[in-house]
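Structure below; questions to follow.
Order as written gives the chain letters A, B and C; numbering starts at 1 within each chain.
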């Protein structure tokens, strides 16, 4: 049985229509007009235990709303949601014992307490048996390198230290599912790598199901095999990362450094993406034109001193999807 | 098909921890603690001077001789050290900065968390009442009633504290709707101090007003315990007085529960 | 000179933003206006109750105490309207804003005062209305001296208030958190100015006259206008008219302390 399942999950928000000016303000005293927005409009997903899934979407797409419904903080307007067999918003306490959360923008640690005492307090809340707590704490403290600041008040920690503390806090009670919302935001490169390694390890060694929401697509490439894309409240892609790349990563970029100066650079079959002095970037659809053909055509016309081919990265793929929308039969449609 | 899981059995332990943490945190504000206790000295001096001046040139009301009113005002001031604290401020703060969302992801009963926090804070200040009392005694003489009366006073004080706690909780709950509640809190505190008998004993109010005010919950917070202390409420009326306090406590506790339910419903349907 | 013109411009801008912000947050404004009314209302109600039961306090009646309160309220409102930001200095220190202010080519204290917020002269209007009512109620004779000196006294009293706030705010450079002290000083100011200073012992009267001149905020002016025979320290009745000068002197001392604190702040580079 899947550990997380939702069926046609919907969340509609009602907001008061603001009418401008003094007249509008007075009118609003007598009658209220509401407008309804569906932040989540029919989301169906199913996750098996132990999966590490990336949940992507532009801002306002409905990611955090979905997560809030999964964690029991928000009540759905319609549809069903079940996490580890429980209905989160109805069985909040029981569901809470099964989950861990790391919200990148906000810490769950206790601001004025030393890190060590924050953990002790959480142990008490989650009712973790002392021996298990000791084991887990020692383990996480060593992987995440927490020892050096265990006794520092949380408010004095740097962002990276606090984030590592938050990760340990989320895992102390052996949750079945962990929700990570922008966990690497604001971290430097070294810290990001440490956090990613930790996430991968936890998923690998403990079989913890992880839902990762992020704007840092390097996180996705590094960690997840499955990606769910949401836009405008609906899921537009749900499948392996490779499929996303192969179906939508149909473009490549050829970077040519010209040996001479040419006023005009044009090659049949390729689209001029940019030009900076002698460095020209050409985009082409690899289904229609092979790199070899393109290079030959380029060399026939121009004197070239350097060539490079750039594969599409997740970033540009997703950006393109946001911009152009996702179509199921990407193969065959003009680029 | 959803799995039916029995509601996890209630554990007191985490809430006790919260209270302890809150107490410890209050203790770190050494400067604040020092100034608020030290100021008791000055304020007691002022209050004594004022009453002495008033009693010097006017006919003293027979129910309240000078020593009784000085006792009343001093004890009222000590009580306010505990009663005036915004105990459930954490509720408002976490709504304000959005951290309430995280509170709800934990397996704890969130209102109990706020209550435990506030109780810890208050317990710390309750302990401070002792040095404050010591300082006050440097300037004034306070009547000490019999042990029996003291015990009843203490019970009445607890009931009154409960009433005040609920009012504070209800006010902080309005933050679910408006967020900016500071002004309203002050308004309620001042009105409470006036019509609750903290600033001036209700006995000095015009009779018609007195009769109304004595039955309001505000009087339950200050006037009732204080009047028991100075002996104005005799033992024969203890039961009635405490029963009225208990009545208000129950009513306000019910309103608090309703406010909390409505507020959290709004939160979980509207989002953060 | 150019500096003054810059200040004038900044100050005008400050008021423009204040008014706009207040109008924007209408409900908020109404709430705080209610707050002001209740604040003064409960103080006066308490005075009324007490003086109804005890009609005379050292020879002062309720009508006279109402007038006493009115002078204080006027001064306090002037402070809250024009110098309110001085009370927020500890917040500015806490947020490390002085680094930003010190870089600008304007006097730091002026910049603090001209920080826009939601200041609105509602309390001042209320105070003026109340003061007129109290003057009539207490039967004070309104002559040229009264009309000339009352605004000056209000300003002098406001300077005393601002001076106190400035001193407490300067302490923030050392103690950072001075909320409790600020609160208590405000409470004490209220309590001391509520009653005629003559009820206190001589040493306290000296303290309230020459050290922390609360007595000049309302007591001495009131004894002058009410033609009270007594006068806490045997000073000539016209002492009440000295309030503007006292206010100026006091705020100058506070300002000196402020400069000292600011210099130390720059030295330690908080």
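Miscellaneous remarks
What we mean here is this: a contact is a pair of C-beta atoms (placed from the backbone, for glycine too) under 8 Å apart; a residue touches a chain by one contact, two chains touch by 3 or more.
Note that the coordinates shown come from a computational prediction; the quantities given were computed from them, not determined experimentally.
By the document's definition of touch, subunit A and subunit B have no common neighbour.
Relative to the centroid of every protein C-alpha atom shown, the closest chain centre, again from C-alpha atoms, is found for B.
Centre-to-centre spacing of subunit A and subunit B amounts to 47 Å, using the average Cα coordinate of each chain. Subunit B and subunit C have Cα centroids separated by 30 Å. Chain geometry summary: the mean Cα position of subunit A and that of subunit C are 55 Å apart.
Those residues of subunit B that touch subunit A in the shared complex are 1-3, 5, 7-8, 11, 13-14, 17-18, 21, 25, 28, 98-99, 101-102, 104-109, 268-272. Contact residues on subunit C toward subunit B in their complex (touch as defined above): 28, 31-32, 34-35, 38-39, 42, 45-46, 49-50, 52-59, 175, 177-181, 184, 187-188, 191-192, 195, 199-201, 204. Per the touch definition, subunit A reaches subunit B in the complex via residues 13, 65, 68, 71-75, 82, 85-87, 89, 91-94, 96-97, 99, 101, 103, 106, 108, 110, 112-113, 117, 120-121, 124-127. Residues 29, 31-32, 35-36, 39, 42-43, 45-46, 49-50, 52-58, 61, 180, 183-184, 186-187, 190-191, 193-194, 199-200, 204-206 of subunit B are the ones that touch subunit C when the two sit in their complex.
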